[in-house]
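One chain, chain A, links the two complexes that follow: it is found with chain B in the first and with chain C in the second.
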Partner chain A sequence: MAEWEAVKPQNKALAWFEERLPVLSLVNNVMGSATPTPRNLNYWWNFGSLAGLMLVIQIISGVVLAMHYTPDTAMAFDSVERIMRDVNYGWLLRYMHANGASFFFIAVYIHILRGLYYGSYKAPREVVWMLGLVIFLLMMATAFMGYVLPWGQMSFWGATVITNLFSAIPVIGDDIVQLLWGGFSVDNPTLKRFFSLHYLLPFVITGVVLLHIWAKKVSDSGNPLGIDVKSGADQIPFHPYYTIKDAFGVGVFFTLFAVFLFYMPNALGHPDNYIPANSLVTPDSIVPEWYFLPYYAILRSITFDLGIPGTDIIFIPAKLLGVIAMFASILLLFILPWLDTSKVRSAKFRPAYRIFFWILVVDMILLTLVGGRKPEGIWPLLGLIGTVYYFMHFLVILPVLGKREKTLPLPESIANPVLKAAE
Partner chain B sequence: MSTNEQTIEGEEGANRRDFLHVTAAGMAGVGATLALWPFVDQMNPAADTLALATVEVDLASIGEGEAIVVKWQGKPVFIRHRTAAEIEEARAVALDILIDKETDADRILAGHDKWLVVIGTCTHLGCVPLGSKTGDDKGEYGGWFCPCHGSHYDTSGRIRKGPAPRNLDVPVYAFMNDTSIKIG
Partner chain C sequence: MTMKFSKNIAIALVAVAGMAGAAFAAGAGKAPETQKWSFEGPVGQYDQAALQRGWQVYKQVCAACHSLKYFHFRNLADLGYEEDMIKAFAKEYEVAGDPDDFGDETVRAALPQDVFPAPFANENAARASNGGAFPPDLSLITKARHDGSNYLYSLMVGYADPPAGHEISEGKSYNPYFKGGEISMAPPLAEGILDYEDGTPATTEQMARDLVQFLTYVGEPKLEARLHMGMNVILFLLALTIIFYLSMKKIWKPVKEGKNFYEDK
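Showing the complex of A and B:
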């Protein structure tokens, strides 16, 4: 961790305040001109700040939407339609919030993949990584509950399917589901608690984001070469160099966001959610939002019991096994820093890992496609293959690869290759 | 070194003060846990939810081979007027090929063979299976088919194929007379 540099404002009133609560110094030392940052960060390093920005947009648009929304099964759907038709700029705010969730996930997924490619989870940044996963889990919970609020068909049936996952837990499963519902099915009590928690969790996320940034500050930023900073020549101040680079990224990202927001606001949604919830009719197919599809595919890929073949002895029934696989697929990432045995961080110097990384990306895309299809024909088999490979990557390939792979020689320092090229 | 420090660094480590610390912290822990319970239990079904009345259903209007869906405790209940062939089919199945082994007789009320009453939520993840309406996909076993994850139920509401672990649940119900039942 770099030296702490105190800010001394010229303005007397400001200096008086700064002496008593050094907020300017704090900002300046975390993302300011007193924050030495590796000089070689590429554009993949933009997505952390983009995710943070999307969180802010979600909170602001969400707080405003809550002023018009009614969390009651009799009125929820209509209150959302009223936001769309009658509330001034209501359509803009709601589309911003709905598409904002998608773009939040886009930023976070790219941020996570960047971490996987450049080994950002390795020592000494394990806690940064794990806090990031906590944020990811909280985001998923928040997004899921938010999707229930409009009380359309997908809201209702998505909530039914996901809460029913907990019924797979042996012995106490059904009691837990009843506790989650506050009744005997997804109904008014469920909607109200989801609204309450959907409002709360983003602020919890904000808290964990601060810890995530703090932990990053302690262990310093990683960089595309994956080698440690050796001297001041390896670093440049965060401001203005990365503030301007991040700002450019924001411009590009917002342009894309605006395309969806203004020209195709429903492209990422499901038309069935414009049908009011009906507890007696299940839609033709229940599809979660796109960002949940890989996990949904993993859940559905398990259709067999774990037991002794040829007998009736079953250790884990299919339903529970599917649920375990789904949760394990994310919880597994918490031990990734120890599963990956390679000392070299960046995939730039790991030719074999680089290939497996891209296979994993393809595997995730495959699972996304499978998750959106009905479980018929070839799709369940592809889902099973994708699931098995996903776990293979982390549990078998990474531990072995770290021991076997012949890595490329690392550069002496971050500055060296750059300065040499300049000579 | 003061006497105070000597007692704290004592060889055994346990003294009066430690005992007080542990018991005080223990009591505070128990109190906090008890205080937490109302915050958890408020999530369970409230008294008015629990008091949801029973439902009485008139069966006279359901023709042979037809089924209706009624709502009970927020959940759909399938009531099916089975044909002789469907009853026969349900009875003929050998028990050991079933996933959840139950005879047809265990799933109906004695003397009312043609009426099958089951809770219409798939035991997998709670979707409502198709098959109650004319023209619905009834699955490979002529009962119900859950479109969500592909579970097939037979004419006794038993799971035959797909990810669902159990047969469709049979609610508590009784015949009030030959053509009406009370669920719950």
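Showing the complex of A and C:
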């Protein structure tokens, strides 16, 4: 584990300040700009810094948007249109913010999948993983509330559906829903508290991101081989090597982001959200943003009560069971470090796990598709199969696989295979 | 068989890539006919002559029932009109003025900064005049419908006789592109309903195309600025990415050659 390392600036003024308040040392020890880092990180390791950058973009564009936005049911929709039409570069800010949310999720989903593939959640990085999940949950809450703010049809009905989920909680459910609404339906108080929280949570996320990075610094970066750093030869300084590699990743990712932002800014949204909210007209189908679709599919795939078959005894009604399944699908990941019993971290040396990893990815894509469809025909069944498999993967396959799987021999050190390849 | 299967997978991936929500919502109406539009593609722009004709169609036909609440007279500058012409246009309309010295309501001639006046005072008045149906505001109509520009065009030219055995309710018209097939709006466009100021023959298709240009513009007035900036940003990012890539290759050379940085440790 890394020890505290004092920074001694060359500049006299800086040195004077650093002696009195060691902020540079703090940043260096928490973030570790000059930290020795495994020399073999591949491009899948780019997505952490990309996610961080997207957070910054969201905060900056969001703070400026908030200067022009009005959180009031009578004016919210109009104020957004005013931003689009009359505020200088308002269209740019809003499209950046709306598509930025999607690209934030893209970066984070790839970052999480990278963690799953390379076993980044395993000892000693369990806390890094869990803090990441906290960020993910906070992001979902923030994105959900942000989508409500334009006060279009999908905003209103999405908010109605999602807040109503909490009514499934026994005894206190209805009180929780009333508290979320600030009244007896989704209305002005709801919009105002969602705006307030939507502004607050990104700063909470920033705090947890710092903890996430700090925890990573303490336990060192993982790497594609999943073996520990054995000597200095395994490492290179973060700067300039990973700074420039991250910069290259930013270039590629931002180009893709720009294609959406400038050429198809509404492709990821829903046309119904350009219709002002109307509590008397329910849209044809209420669909959340694409990044929520797998969880929405899990929620809707449970259509049966849990009870004793053939009797009227019901332990858990279908609605509550669906809500439990949806939350469990993410909360489950908190105990993933202990569900996966394999001693080997990287899927590179776990041939069987590698197959199951890709089946899980296909399963998530299937659930995404199911989440976007009306629950008709074959789709609910596919949703149920996808949901059952999702839980099977984590609760049955991973614990058994870790004990049964014949893993491949691990390389001696990070430097060894890397150095060999260079010869 | 496999072709079809892989096509399905391709469609599925496109759906994942983003259309997930939008693609499935269209539901009941017939899929719109795809038209070519000048504002499509990375270098798209509005056709100014078509915008002016479309504005004429909106003003003389649609405005009888549909409001356009995000369109101000001043926006006519984007259509290529000069300031004094815009002032003259606006003057033809009356809007509510400030209360007079006795507190009574007044009206005044519209100014460029005013919104184009709505045909009805409120939703109830609109419904009362339209057999219970509410003509929606058209400011965002092409963005509030899936494949909006093509949808609007198809709807405008899509009125037809109902299929045999299909009963149409009183006061409704058959239009397969409208959800459910029955629309409260009578066919709004017909040849000869107006004479274009620029002499273009006013066929139904021509008016529909011009109207789509105009209403797409009203929905997305900053499209040209957006596409223009997009091209610059993407070219810049591509150049930057190439520079980053070459720098990375150069900087990483010693690492690739196996240089050790922490040997003394």
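Quick note on the criterion: the second predicted complex is superposed on the first by the 406 of 423 C-alpha atoms of A that agree within 3 Å, B and C clash if a C-alpha of one lies under 4 Å from a C-alpha of the other, contacts with A are read in each partner's own complex, and residues count from 1 in each chain.
We take it that a contact is a pair of C-beta atoms (placed from the backbone, for glycine too) under 8 Å apart; a residue touches a chain by one contact, two chains touch by 3 or more.
Keep in mind that what you see is a predicted model, and the values were worked out from it rather than measured.
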item: Partners on chain A (chain B, chain C) - clash or fit; value: fit
item: Partner chain(s) touched by A:Ser285 [first = chain B, second = chain C, both, neither]; value: both
item: Touching partner for A:Phe105 - first (chain B), second (chain C), both, neither; value: neither
item: First (chain B), second (chain C), both or neither touched by A:Phe194; value: neither
item: Partner chain in contact with A:Tyr69 - chain B first, chain C second, else both or neither; value: neither
item: Partner chain(s) touched by A:Phe262 [first = chain B, second = chain C, both, neither]; value: second
item: If touched residues of chain A are counted for chain B and for chain C, the larger one; value: C
item: Touched partner set for A:Ala318, first chain B, second chain C, both or neither; value: first
item: Shortest CA-CA distance between chain B and chain C [superposed frame, angstrom]; value: 9
item: Doubly contacted residues of chain A, that is, touched by chain B and again by chain C; value: 284-285, 374
item: Contact footprint of chain A on chain B as seen in their complex; value: 40, 43-46, 49, 52, 69, 71, 73-76, 120-121, 124-130, 146-150, 162-165
item: Residue ranges of chain C in contact with chain A within the complex; value: 12, 15-16, 18-25, 27-28, 42, 70, 136, 139-140, 143-146, 148, 179, 219, 221-222, 225-227, 229-231, 233-234, 237-238, 240-241, 244-245, 247-248, 251-252, 255-258, 260-265
item: Contact footprint of chain B on chain A as seen in their complex; value: 157, 160-161, 163-165, 167, 178-185, 187, 189, 193, 279-282, 284-286, 300, 302-303, 317-319, 322, 374-376
item: Sites on chain A touched by chain C in the complex; value: 36, 39, 81, 84-85, 91-92, 95, 102, 154, 231-233, 235-237, 240-241, 244-245, 247-248, 250-252, 254-255, 258-272, 274-275, 283-285, 287-290, 293, 365, 368-369, 371-374, 415, 418-419, 422-423
